[in-house]
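The chains carry the letters A, B and C, assigned in the order they are written, with residues numbered from 1 in each.
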Amino acid sequence: MTTHALEHREVGGPLMTPAYRWLLLVVLLGALTLAWRFVNGIGSVAALNNGYPWGVWIAIDVVVGTALGCGGYAVALLVYILNKGRYHPLVRPAILTSMLGYGLAVIAVACDLGRFWDLWKVPIFFWRWSHSPQLEVAICVMLYNFVLVAELAPAFLEKWAKSSNSGLASFSQRTLKVLESGAVWILALGMLLPTMHQSSLGTMMLLPGPRMHPLWFTPWLPFLFLVNCLMLGYAIVVIESVFSARAFRVHHDDDMVAAIGRVAMGVSLFWVAFRIGDAAIAGKLPLAFSGRGWFFVAEIVVQLAGALMLATDAMRRSPMWQVRSALLLIAGGALFRVNTYLIAFQPGAQWSYFPAIPELLITFGIIALEVALYIAAVKRFPILSGVTETSSRSHA
Amino acid sequence: MAAAAVGVSGTMVPKIVQAASKGLKPSVIWLHFQECTGCTESLLRSHHPEIEDLILDLVSLDYHETLFAAAGHQAEAALESAMKANAGKYVLVIEGAIPTKDGGIYCKIGNKTALELAKKCSENAAAIIALGSCASWGGVPSADPNPTGATGAPMVLTDKKVVTLPGCPANPYIFLGTVLQFVTFGTLPALDDKGRPLFAYARTIHEDCPRRPHFDAGRFAQQFGDEGHRQGYCLYKLGCKGPATKASCSTMRFGDVDAWPIGVGHPCFGCTEKAVGFRIPLHETVPIDRPTPPDTYPAVGAKQGKVSPVATGIAGAVAGALLGAGWAASGKLGEKSDEKRKED
Amino acid sequence: MKVSRRSVLKVLAAAAVSTAASAVPAIARERKVAPAKAIGMLYDSTRCIGCKACVAACSEANHLEPDRSGIADGLHLAPVDLNGRTKNIIKFCQDGEQQSFVKSQCMHCIDPGCASACMLHSLHKNERTGVVEYDPQWCVGCRYCQMACPFNVPKFEFHKALPKIVKCELCRHRVQDAAVAGADGFTRYPRGQGPACCEVCPRSAVIYGSREELLAEAHRRIAESPNKYYQGRVYGEKELGGTQVLYLSHMPFAKLGLPEFGDKPSPDVAYTVQEGIYRGFIAPLALYGALAAMVMKNKKSAESGDGAKGGRS
């Protein structure tokens, strides 16, 4: 096989496959339910209640969604801070998943906010800002969305720069130059903001204080959330690079994925050790084996299982184990977040909550939209790097 | 009792009698239109004061078709002269609805339509009282399909202040109280936006109903003659309009016999309310605008929030399917990878 | 190509920079005190007869849409709990031989969790009266206040397309004149301007006044009948840093839905952490500078040399 310069390119191929149509159907169902919610209020679609004011929209779509969107952040840390340039090919697809993950969160927030029409006031009326950790999250996430756009924009601008439309082409070229000159500051911001808001997502759940299960009520919650989002970020990059490599038959570097998996494993093990240590020092470990404490056990066991799948070098190199491990790491990591936002929150024994069907439809719709957009983006824009199927196969 | 109705104390009674006996008896002109004369009949059976005291000592009843000795041209002449003699001082009482369709030809007295009479007699009246639901807002004659275009005095005499005393019949003590206040003080009682004296129409039947404890306890008669009905339970579910009807029936009974519909086991009909009486079917229930607490209590830890088993199933199935699919798909990867490794 | 253990730790170390401060709560959070003229309420369960006049009066005074959900036929004002249509409720509690009514409404904490959660001070404490007030115009409906309130008080209008938060504001909309010393020795507004529940209560089971007066009154009652009240204690005097609504009861407070929280204000931990990290915004700025410097140093090699070589061999 010949060595050739690596470049970003679109995957191509037909977009409207049968699977894609199914995906769009789920999106449509979600959109219809969403419309219903805006006409008739949150209570008409969701099982949310005054005891559990936050449900899956926040716990899964926002809290887990943004963490899954930390692929860009996690890889950028490797590439730009630890100077591991070999991971650079992963940056662009990771940024795309980040953008979609955060986009998911934004849609979910718009859906969940009762008075969404007043949201614009939050960044504008800065003299009314409080010390609420949620304000920090809100401002950071809003900013971060712009940063993600700026980071991903080259993927689109590169294509448009070659466009036959001279206006569009020159605009794209100019914008690319501007982005290039400010790249350092944009990249740094792209790492600063997730550090801030991912930790604040943890701080947020310190405020319910006495209503939190002690196992999740630790001042280290922000740190746990931060490390957790890195772990989820690496895990999602593993899955994403393996699956897109298969699905689109683009170049796939097992070594690189193995190395990322190793990072994910390391971060995960560190997190588990820290989590247990923190609980042990605070003397809360005995609580783990009763009632909701079992969810604490579950988040640790699932992550440990995921991490141990990558114990040997051979397993780390097998895409099957890479994916299985990443799936478990994601499940365990997401479980920690859902636990913190739903399970550990105890408004009282008289309250119960489980998402209603329309509520789930909206969540499924948002996720399906994300997947659909991802597929469309990589098929039509230069995001994935490597060689296309034909050349890859012919050289193989 | 009539003095009590307008809310004057016992010490005021001599003053009322004194004012009435000073010979300042105000002239009363009483017009009958589309009606059943039930309001007059009801008045005739009141005892505090007796009707004879009223019409002989307290007021000068100058025209009243039911009680008149005179008839025909004599009676009409009496009306003319009374209006002339007491211009600006007489009290006009209207009993019955006024038909407005086809120029008001469906009710004529002395060859004049009710419409003409009402307008003419109200011109120089010191006070106008619409007695009963018919005069107040149309009453029975205005019920659907209302072939004569019957309506109440306030709707015809739009430029005048009309005191309305709806009820079918109107409670005579509300009437007497209003008249006596006017006789004694020359004033009219405070009125609500429909011209009804607040002393009698400020609250709903429901608010002072003797069956109210049954309502609060959720004890209802479900049908006529059932056990609950015999026990004297609340009649709301039989169609009682008490919660939507402002009237004094539950505190001030009719005709001194202490009998009234709810008292004898029949739901309130809502006769004083234009929107209710003769409009809403007898046994249909009305909404309760501002409900009050029942006599039960929620527990401190009352269960709240619901979990749909269907949703739980679907969520479980989807989560399971996704994990399973991921697992299965990753299995395929493994195979492919092996092939590839061989290739490499 | 390997990622060394050391570099993994480096990632974590970099990530920990901004959160590390949380471990060292350098400056303990200042304990808040109630404003001098703080208005509060005192509820005495031994006086309450459960007539619910306060429930009806509250509903009317606050122009709330009646909640009929508690009883199937929907004829009564019958809420099950505080909710989007209910700011005040009387509940019943039976525990063996003992039974009691209990009134629930906003506790008007001295250091309220809800106000700490609120992004634009839509929920805030009135500087003069200490009443926790709600201004819908600054509310985005995020419901974080509901998460943050230890007493589960702020409620949301889930049934509306254009919802608001609903909670007791001590009938502040009725107040027109300043409060003065009343004939009964308590701070009073002119009749019709005070909290509707207190004004309507036939047994003065719930009264209002300044917090100091009410606290003195509560202790007077306890001193008067030492064995009457549970633990001879005023709930809300110290709980969660103190509340402006105080409770006296003959039953354990926990049974009445008033958990034993301890004396630490509920936002304490969250604030110590948050302020530890963001004090003066120094740590984030320093981190930004450090990140930018490292990006500048590594960008070239990261994007060209190393990256391309890693492609395929």
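The criterion applied here is as follows: a residue touches a chain if its C-beta (ideal position, glycine included) is under 8 Å from a C-beta of that chain, and two chains touch if they have at least 3 such contacts.
The model shown is predicted, which means the values in this text are computed figures rather than measured ones.
Two chain pairs are in question, A-B and A-C; the one with more C-beta pairs in contact is A-C.
If each chain is reduced to the average of its C-alpha atoms, the one that sits nearest the average of all protein C-alpha atoms is C.
Centre-to-centre spacing of subunit B and subunit C amounts to 46 Å, using the average Cα coordinate of each chain. One simple way to say how far apart two chains are is to compare their mean CA positions; for subunit A and subunit B this gives 64 Å. Chain centres here are Cα averages; for subunit A and subunit C they lie 32 Å apart. In subunit B, the residues that reach two or more other chains under the touch definition are 301-302, 304. Across the assembly, subunit C contributes 81 as residues in contact with two or more other chains.
In subunit A, the residues that reach two or more other chains under the touch definition are 49-51, 348. Interface residues of subunit B facing subunit A in the complex, by the touch rule stated above, are 301-308, 310-312, 314-315, 318, 323, 326-327, 329-337, 343. On the subunit A side of its complex with subunit C, the touching residues are 1, 3, 5-6, 38-44, 46, 48-51, 53-54, 77-89, 112-116, 118-119, 121-122, 125, 128-136, 138, 183-185, 187-189, 191-192, 195-196, 199-200, 203-211, 217, 219-223, 226-227, 230, 251, 253, 255-256, 259-260, 262-263, 266-267, 270, 345, 347-348, 385-386. On the subunit C side of its complex with subunit B, the touching residues are 50, 52, 55-56, 59-60, 66, 68, 70-71, 73, 75-81, 89-94, 101-102, 255-257. Listing the residues of subunit A that touch subunit B in their complex gives 47, 49-52, 242-243, 246, 254, 318-324, 327, 331, 348-357, 359-360, 364, 396. Partner subunit A is touched in their complex by these residues of subunit C: 1-3, 5, 7-12, 14-20, 22-23, 25, 81-84, 113, 115-121, 136-144, 146-148, 150, 152, 155-164, 240, 259, 261-262, 266-275, 277-278, 284, 287-288, 291-292, 294-299, 301-313.
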